[in-house]
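We just call them A, B and C in the order they show up, numbering each chain from 1.
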Amino acid sequence: MSIRLENIQYVYSQGTAYEKQALRDINLQINDGEFLGIIGHTGSGKSTLIQHLNGLTKATSGNIYFNDESIYQSGYNLKNLRNKVGLVFQYPEHQLFEETVLKDVCFGPKNQGLTEEECEKRAKEALELVGIAEELYIRSPFELSGGQKRRVAIAGVLAMEPDFLVLDEPTAGLDPRGRDEILDQIFYLHQRKELAVILVSHSMEDIAKYAGRIIVMNRGKVLYDDEPGKVFSHYKELEKVGLGAPQITYVMNELKGKGLPVQTDARTVEDAAKEIIKGLKRKS
Amino acid sequence: MSIIRAEEVSYEYEQIDENGEIAGTYKAIDHVNIEVEPGQFIAILGHNGSGKSTFAKHINALLLPSEGTVWVDQKDTKNPDTFWEVRKTAGMVFQNPDNQIIGTVVEEDVGFGPENLGVPTEEIWKRVEESLRSVGMLEYRNQSPNKLSGGQKQRVAIAGVVAMEPKCIVLDEPTAMLDPNGRKEVLEAVRDLQKRKNVTVILITHFMEEVIDADKVFVMDHGQVVMEGKPKEIFSQVDTLKHYRLDVPQVTLLAWELRKNGLDIPLGILREEELVEAICRLD
Amino acid sequence: MIRDITIGQYYPARSILHRLDPRVKLVSTFLYLISLFIFQSISGYIIVTIFLGVVVSLSKVPLSYIMRGLKPILILLLVTICFNLFLTRTGSVLFSIGFVKITEGGLRSAVYMGIRLIYLIIGSSLMTFTTTPNELTDGIEKLFKPLQKIKVPVHEVAMIMAIALRFIPILLDETDKIMKAQIARGADLESGNLFQKAKAMIPILVPLFISAFRRATDLAMAMESRGYHGGEGRTKMKPLAYKKRDYYAYLIMLFYVVVIFVIGRYYPLRIWIF
C-alpha cells in the first residue's frame, strides 16, 4: 500500500488579491508501515500538504495515487480513501461534540456504515489503545482534561481503523508529560499494529526521536527527504530556513569540530551520551 | 520594596455536581508565597493543572484569593478602591493570541487599553507608536491582526499591555500555541522590554528553555510552590524536575546523563557552549 | 469555500474614501440606498452607475474583490429576478410558452430589480471595505448618541458589533476547520433530505458553539484585564471630528440626491421598454 504524490501544486484563493502558492511541485511516496515526520515552520505548507493525502483539499495541478489509483479520477470513492487515510487535525479536541466519550468515538465507524455493536467494539478498542480508562466512556468529553480530550479525539480517528494515520501537531499546547504520553502511544501503535504514521510537528526533538524518515518543508517545497541523521547533518541550512536541528546535533557537531572523534547523528540524549563516552575513550 | 507579594495565598474552586449543588472544593493554589522585586524577570513553571495560571490571574485581580493576600505595588488586590490601579500596574498577556485582540486593526487594538484608562488622545497615539516599536511591530500598525502570524499577534498583545504603561507584565503561557520561531520572537520582545524599560516580567510557562535567563524560577505542582531558585540551581535537579512532569533541555539532560556515567561535568548546565567546553576540558 | 465571503470585511488601502469620517459614510450609504429606489428610468440608472463608478475607483478597492462579495447573494439575486420576470404581468407579452409568459413590465422590473440589488450590495459593502469596524462602530455610537438619553445602551451595542465583526473571520475559519475534520471522520454533509442535512450539521454546530463560548470567556477576561469597564470615562484614540473634506462629501451627496431625484423622475430617457 502506498500514497504517491506527483507534481502537486496548490494555489490558495486563486485569482484574488490574497492569491498564494502553498505547495510547489511536490513529489513523494509514503509507504506502508513507515513512520514519517514532516517538519517545517508555520506557513511552509505542511498542513496544506497533509490535507491533500485524503482528498480534503484538491490540488490545483498534479496527481495523487493511492495504491496506484489516481484519487482524482472521476467516480473515485473519496469516502473510502478517508477510511484508509485517517487525519487528525491540530487541536482535534475542538471537534468533539457527542454527549459521551464512547458515542463521540463511534461517530467515525458509524459513518462507515458499521452496526451499532461493531461501532462500540471498535470505539472501545481505540479508547483502550490511547489509554482512556473505561469509567470515562460514559462521561461527557467536555469534562475531561486537555490531554484526555485530545486522546479521545485521536481515538475517534483510530476507530475507523485506517492504514495511514496522519497527525497534524498532535502535541501542540500540551505539557511535556502529555506530549510524551501521546507520542509514545502513537509510536506503540505504529509498531504493534504496523500502522503507517505521518507526524507533522515543529519540534525537531520529537521528530528525531520517533521518525524513520523526515521530510522538511520550506515555502511549499520539499527541502529534504531523508533519514533523520542525514537531514540533521544539514543543520546549518536548516537554521537558514528558521528550523534548526535538535540541541544534541549542535553539541555533537561542535565536539567533532573540536577534535573529539564522535558520530554526529545521535537521535536521543542517551545515544549522544554513549557516543561521547566512546569518543573520549577513543581519544585517550 | 517588592512589587508583587503573595502571602499564604490559596484559591478554591467549587465543584458543582449534576444537580447544581456544590459537591466539594478543589484547591487550585495552596498557601503560595511569592515575592518579586521590581525589574526582575521571574519564571513560574509547572505542568498543566499545577495552578500556575490560577496564580497569574491573582496578580491582575482577575481572581481574588480565598485565603491570604496579594499585594501589587503595596496595594491589596481585594481592596475595591484600588482595583483599577492594580490592573494598571500589572498587565496581562494570555495564551490564545486570537482571543485577546479586540481591535480589527493592529494600532486600534494597542490603543484599547489606554482608551479604557482615559488617556488623552494625543498621548494614546504616542504610546501606541512607542509600544508597537518596542515589540518590533510598528510597520504592521495598519494591518488586520487576522493576517499576522501567531508570534506577531502575541507581540501585538504585548504592545497592547505595554501601552498601558504597567510596572509589571504577567505572561500566562504566551508561547504555548506558537511554533519555535514565534516563541523566539515573543521571548526576545519580552526580554528586551524587561531590559530597556525595566519592566518586571513574570513568565508562566512549561517550556524550560524559556527560563534559562530568568532571575528566579518558581516551580509549582498541585497548587504549591515546590522549588524556587536561580535557573542553575533548579536545572541541577534533573530528577526532581522529571518528578514534577517538567522537561529538561537536551543539553542539560545530556550533561546530567554524562555525569551519571562518571564524567566530571558540573551540575546545571544550560547552554550548548557550556557543555562543549566542559567536555573538552575533560581530556 | 467559506473564505470567499467578503461582505463586512475591511480592505486596507489609502484612499480618500478610507479617510472620510465614518458618520459621513454611514449617512451617505443610507442616502444612496434610498436614492436607488426613487426613480424608474434609464437616466437615473446612468447617474447611479456613474456615481458608483467614481466612488469605486476612488476607494482603491479592486473591482474583482468587490464582485466576489456578490457571490453569496447570487441565489437571492436569481430568485428576485425570476420572480419579477415571470410574475409581473403588465404591458404586452414579449414571449410565451404554455403558461410561462414574459411581459414588458416583467422584463423591465426584473432588470431594474437585478441592478438595484447588485448596486445595493456594492454600495453597502464599499462602506465596510473602506471603514474599519472600529470606525464604523464609533460612527454608529456617535450618530445614535442622542438615544442614550432615553436609556438605549448605545455604547454597549456598538461594542458588541465591533467584537462580532472582529470574530466573524475567526469563526468562519474555525467552521472550515471543523467541517474538514468531520468530513475526515466520514461525515456526509451533502446528501439526504433537508432533515438529514440539518442533522448532519450537529457535529459542526456543537463544536462551533463551544468554541465561540470559550473565546467569549477568554475575550471578556482579556478586556477586563486591560481595564475595560464600559463606556464611562473612556477616551478615544481616534475621536471623530469632521474635517473640511467631510463637509464637501455631505455637499456632494446632497447634490447627487437632488440630481437623481430631478433627472431620474422628470427627465427619463426612454429606450424600447425601459
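Following the convention adopted for this analysis, contacts are C-beta pairs under 8 Å (C-beta built on N, C-alpha and C of every residue); 3 or more make two chains touch, one makes a residue touch a chain.
The chain list, named the UniProt way, goes like this: A = Energy-coupling factor transporter ATP-binding protein EcfA2; B = Energy-coupling factor transporter ATPase; C = Energy-coupling factor transporter transmembrane protein EcfT.
The model shown is predicted, which means the values in this text are computed figures rather than measured ones.
The touch graph of these protein chains is complete, with an edge between every pair of chains. Just to note, of B-C and A-C, the chains joined by more C-beta pairs in contact are B-C.
When chain centres are set by their Cα atoms, the one at the greatest distance from subunit A is C. Here the CA centre of subunit A is 30 Å from the CA centre of subunit B. Centre to centre, using the average C-alpha position, subunit B and subunit C are separated by 42 Å. Subunit C has its Cα centroid 42 Å from the Cα centroid of subunit A. Residues of subunit A in contact with at least two other chains: none.
Residue ranges of subunit C in contact with subunit A, taken from their complex: 3-4, 62, 64-65, 68, 174, 177-178, 180-188, 202-203, 206-207, 210-211.
Taken in their complex, subunit A has these residues touching subunit C: 13, 15-17, 51, 54, 56, 79, 82-83, 86-87, 89, 92, 94-97, 107-108, 111-112, 142, 156-157, 160. Every residue of subunit C that touches subunit B in the complex is listed here, in rising order: 10, 12, 132-134, 162-163, 165-166, 169-170, 214-215, 218-219, 221-229, 233-239. Residues 57, 60, 62, 84, 87-88, 91-92, 94, 96, 98-105, 107-108, 111-121, 124-125, 128, 142-144, 146, 160-161, 164 of subunit B are the ones touching subunit C in the complex. Residues 47-49, 149-150, 176-177, 179-182, 206, 245-247, 249-251, 253-254, 257-258, 261, 263, 272-273, 275-276, 279-280, 282-283 of subunit B are the ones that touch subunit A when the two sit in their complex.
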